[in-house]
Amino acid sequence: MIELEGVRKAFDSKEVLAGVTGRIERGEIFAVIGPSGAGKSTLLRLIDLLDTPTGGAIRVRGTDIHAETERSLSIRRMMGMVFQKPAVFNTTVAENIAVGLRFRRAREAAIREKVEEALEMVGLAGYEERRARTLSGGEMQRVALARAMVIEPAILLMDEPTANLDPVSVATIEDLVVRINRDLGTTILFSTHDMYQGQRLAHRIGVLMNGVFAQVGTPREVFTIPASRDVARFVGIENIVDGVVVGENGNAVVVAGGVRIRAAALPGPGERVSLCIRSEDIRIAPADAAMAAPGRNALPGTVASIVPRGPFSRVTVDCGFALSSVLAWKVVDDLGIREGSRVRVSFAPESVHAVQQE
Amino acid sequence: TTTDPVPDEKQQLRIATTTSLYDTKLLDHLTPIFEEQYNAEVLIISAGTGKALEYGQRGDVDVMMVHDRAREDTFLADGYGTNRRVFAYNYFVLVGPESDPAGVANMTPEAAFTAIREKGTAGDANVTFVSRGDASGTHSKEQAIWKAAGFNYTTEVKGSGDWYQEAGTGMGATLEMANEKEAYTLSDIGTYLAYKGDLDLVTIVDEGDILLNVYSAMQINPEKFPDINSTVAKDWVNFVISDDIQKEIASFGVDKYGQPLFYAAGDDWEKIGVTEAEVKDPIA
Amino acid sequence: MYEIVEGFLEAARLIVTLDADVMAIALRSITISLTATVLAGLVAVPLGAAIYFGTFPGRKSLINLIQTLYSLPTVVVGLLIFLFISRVGPFGFMRLLFTPTAMVIAQTVLVLPIMTGLTISALSGVDPVIRDTLRSLGATHLQFLANVMKEARFAILAAVAVGFGRAISEVGAAILVGGNIMASSFASSTRVLTTAISLETSMGNISESIALGILLLLIALAVNLVITTVQHR
Amino acid sequence: MYEIVEGFLEAARLIVTLDADVMAIALRSITISLTATVLAGLVAVPLGAAIYFGTFPGRKSLINLIQTLYSLPTVVVGLLIFLFISRVGPFGFMRLLFTPTAMVIAQTVLVLPIMTGLTISALSGVDPVIRDTLRSLGATHLQFLANVMKEARFAILAAVAVGFGRAISEVGAAILVGGNIMASSFASSTRVLTTAISLETSMGNISESIALGILLLLIALAVNLVITTVQHR
Amino acid sequence: MIELEGVRKAFDSKEVLAGVTGRIERGEIFAVIGPSGAGKSTLLRLIDLLDTPTGGAIRVRGTDIHAETERSLSIRRMMGMVFQKPAVFNTTVAENIAVGLRFRRAREAAIREKVEEALEMVGLAGYEERRARTLSGGEMQRVALARAMVIEPAILLMDEPTANLDPVSVATIEDLVVRINRDLGTTILFSTHDMYQGQRLAHRIGVLMNGVFAQVGTPREVFTIPASRDVARFVGIENIVDGVVVGENGNAVVVAGGVRIRAAALPGPGERVSLCIRSEDIRIAPADAAMAAPGRNALPGTVASIVPRGPFSRVTVDCGFALSSVLAWKVVDDLGIREGSRVRVSFAPESVHAVQQE
């Protein structure tokens, strides 16, 4: 559906996109995640023909959209876009949502019906006659979404569509996005800074970093086997331990901070690697508990901090390097640990994902 | 800006003048001579007769130079002005298209006007008269001619049909308009000569006592406006009736138009119907 | 100073008695200046949009030129139009000189630069995200323009108000190409409020001038109230 | 039409030869109109801000009134000022009539409404969040105003450009209170470009009028280039 | 520090705040959470003197701030505010941040130093000379934060300060907020739609709903013992089961969907209650596994769905009503469950929080 081929964009002399390559399939939900300033908005704007790339090509259904200036209207009419900081027209909410339909010369009755339906869907039923300028941040964002949705585009581009919404509204919108994709087959490309949203919604995720896709893959791939240390850090892997591979007893082992760690798959000896261990794979037991299962990495350490995180607590243990685990509050209470407690940390070699350092 | 105690500073003389007089550049020709002789600075404000009189009535100027006897008399009678002197005269002309559609060439002014009105009111679309319509000296003269021809201006001429149109602007613009509309109009000779090159209009009637156009200068009454600049104002009036300047006036424009724009009032006081004193006696 | 008071009284009298001559003059003023403003708007607004959204060499210079033309004296505009439509001019055969049509043309030309310039200003006040949103919603060029204008309607109508103000208050061009004619038929006359004011002033009738000025302002007030109403819709 | 070509040639000649009389007139035009624009700006900008940010009864009507005053004919402004400063007027003792100072006053009054109105427009173009941000950063009233202006500088300078354009191109007030005097000393003279153009026109010298008009536009161009430069800083 | 007493605000006839009462202590970090359109922004604007309440009083250090018009500047200068959709001045980044200092007539050298320090803190070092208008959404938000921070206000108001930021930037900003509060003793009041952020940062949370604080309490209180069904739903308690209290064997029990549930504390018999059970307190075992510990509620059911959620999966079981639990991916794999599997759901009576229905 959408092919990105070495897409580049420079502002003045600063290159924001430095050759983004990727493919979004028809009917796919694709999330672009990446740090603030990575160029997510820039990329979406290029696809929506709102800006011109300084290099590369963007093809939609095989057509190089920036080359075909006479067809740009029909190309653009295939797409709907929700902006990161949406602006509303200085009129009523209903008129705001109707704009795209009016551009397409829809009948008045059809417009009224669709607008109401859309408002209902984004949870703003009854807002028809409100002046759009007086809406709250989240309300505006939902109006913008309804406005883009109502034209039933083949491709829906959304730039951080739920950034200003509370979790309940986010859930409503996410359901809506999934439904649009499923029922209408709409291809959806959205940027988000909420990785979990990427994961909840997207079939595939592209991680935009340093001007390129550092990784493109299914949510599970991106979250479990990040392609680089940066990606790992960005997708929220708390435990990243740098070390060197050494051959030992026929099995490769990584030495980090003076400690030996076994991992399932490792490059050859001498390589510098970063070990990524998701905190939920790490178990913490009192220092005097029974030994961990054989084959697991088991490291003694001291509890450095216990920080609440949603309904969980994040327990950080100093084992020469910091390792943290996420435990339910109850579990922390049951273990009876507090800062300074001596504990034993354990994790399976399969839970260790090693990436080579650049 | 008026009498200044410091002797070596130039005195300023403010003169309100009618546009037609100013536009001939006669004053531009005379002022340097005066400034030289009297160590004064002359400020000339050219305006329509009505406006010039208004300036005078409010004491905003020291001297007035206009050409509307009737209104000058009122002005003097009301005590705003004093010491009027006549310094020049010429004749108005009735100009019109060369084809002379009303056939009035060489008639007396009164007869010409009567004939134009007759054809105009009868609906002859080729006969049009454009009036200044701005209460200027020229307009006053036009009204006087209508009156002399036996018409009541406001009821029988003005608004009596599309043949009579009030331009409501200056002489130059009125001439342009008459030219455009191939109409008749009454003009002072100076402006007509200045515009002649750009116009297709020709002189239709230029003889007749009623066409006489008398220019006078007067002082604004220092009794009404005590701090007015009366000395230099007197100087100016005396200057324009002085023999030297009368000669200058009589010869002005000959080199450019091949004929004088003004006649010196000097010895023609009888001809123009004023007292000798008003032409010759310097102000005391 | 009593002339001012008298002016007000005279204005009241003119309005109350519906003085036929004055009403004709006022009506002519409104008709001519509104027509000119509308015509100029029909050119200036699309032109301003074309310039604002256009990307062509010399765009900045063009904007500067337009801004410069704000200073075009009305007399000069009058003269230029005069040269074109006088009998010996290229359009002389149309016999437009000293007709209300000529005045409309002159005023249109006169207010064109300022209305174009203010349209450009108005458009530059529209949030860029609004523009992107319109594009992304698949607006054609025309729909895009229409909607940007709609967002900028406040400022654009302000531009119209400025244009109308300049048109109805100018006198230099009106007198040069119109001639301030008072004929007995309405259509042959070209006297409007400003030329009448000039005339009264040149005749030294200050109160009458002020009365006509007040009448003119009342007309402008009415027009502005209409504009404001539209603005706030 | 040849008058237009001649006008250009004459304009070139005047500029190349630096014709002393014409240069004096041009200089006087610039001085008077710039002074008036600056003075009007000093009043209009704070006044516009006070009205825009003010909350007082009749605010809307006041804005409408200001917009209406765009239509104030220059002659009427001239007359009003004239009545005040003529010898029998309340300020007659100051002897201002027929001086450049009187012209500055008249032009200041003339452009005040439009500059105030456009300032109000300019301010209403500033994002309300910007205003809230300034307040929340603890701006005093003055700091607040100064910074809102800074954000609106583009539109405010456009208002200045409009004001200057109106001031330098007007003739009605200049001729009434200035008198179009060409005296032998610079300071006593009140002839400016527009009154000179009027005079030339009334004498039928079309080419000269056009030449002076071109000169006036060149001056306006220069002033606008300066304004544009400031705008884009 | 800040006292809210029956604060009301109506727009036209619509009452957005209907009597908000609360106290924010000096040096406290207080979070306002609530659904989109609840009036969070409105409340912050009232406190920052940007709008006038239609009723009630707001006192800062004992002064009714809306009554003291002559002192409003000095009151406002005690506060800094970050807006939900920040706007930047049309100048450089450095000048943007300097504005507040200039208002306070700081010396040029001090300004330069503080601006640089602030940029460093928000992770925008080197951005000094950039035109602020060309920044990305997240960059702008950080500039706005730096701008409010740099004046070192006694009270810092932030309206969804990290809404446009990626998790790494969020973490930076959160650290910064904690540091400002700790090092400078700044009282911080912020709104957020990210409840976990509320929890991570705030000492106390106010839940704004239907125009009033539906609950004010520590994060733990709000998250474990929500005051109402709405609050429970809003703070993300997935399992809310409605039922009626019946007396039985001397112990009260709730009957819901035909099933009996034991709970630790209950109102009298006959009362209609909503039971809130956090999904992480719910264990899932294969239907044929050993019985749960005695005293626990144990309900048989069928797995209705397994949905990924971050590094976890949410498993929903139909036991007559839906109950869902959050399990690590590994655990789901280990249990070998999939949609349709028969399982047994268990949870302790202590994990059941009952709220009376209004």
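Read from first to last, the chains carry the letters A, B, C, D and E; within each, the first residue is number 1.
The criterion applied here is as follows: a residue touches a chain if its C-beta (ideal position, glycine included) is under 8 Å from a C-beta of that chain, and two chains touch if they have at least 3 such contacts.
The structure presented is a predicted model; accordingly, all values stated were derived computationally and were not measured.
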item: Subunit E and subunit A - chains in contact with each; value: none
item: Maximum centroid distance from subunit E, chain identifier (CA atoms); value: B
item: Leader among chain pairs (count of C-beta contacts); value: C-D
item: Mean-CA-position distance for subunit D and subunit A (Å); value: 58
item: Rounded Å distance, subunit B centre to subunit D centre (Cα mean); value: 35
item: Geometric centre distance via CA averages, subunit B-subunit A, whole Å; value: 91
item: Multi-partner residues of subunit D (each touching 2 or more other chains); value: 89, 201
item: Two or more partner chains touched - positions in subunit E; value: 85
item: Junction residues of subunit B, two or more chains touched; value: 47, 173, 176
item: Touching pairs - complete list by chain label; value: A-C, A-E, B-C, B-D, C-D, D-E
item: Partner subunit E, residues of subunit A touching it in the complex; value: 11, 33-37, 41, 84-85, 134-139, 142, 160, 163-170, 193-196, 199-200, 219-220, 223, 233-234, 236, 278, 280-281, 307-312, 328, 330, 351
item: Contact footprint of subunit C on subunit B as seen in their complex; value: 47-54, 133-136, 159-162, 164-169, 173, 176-177, 179-181
item: Parts of subunit D lying in touch with subunit C, wherever the complex brings them together; value: 1, 3-4, 64-65, 67-76, 79-80, 82-84, 89-90, 114, 117-118, 121, 124-125, 154-155, 158, 161-162, 164-166, 168-172, 176, 193-194, 197-198, 201, 206, 209-210, 213, 216-217, 219-221, 224-225, 227-228
item: Sites on subunit A touched by subunit C in the complex; value: 45, 48-50, 73, 76-77, 79-81, 83, 85-87, 89-91, 99-100, 102-104, 144, 147-148, 151, 157
item: Contacting residues of subunit D [partner subunit E, same complex]; value: 127, 129-130, 132-140, 143, 147, 150-151
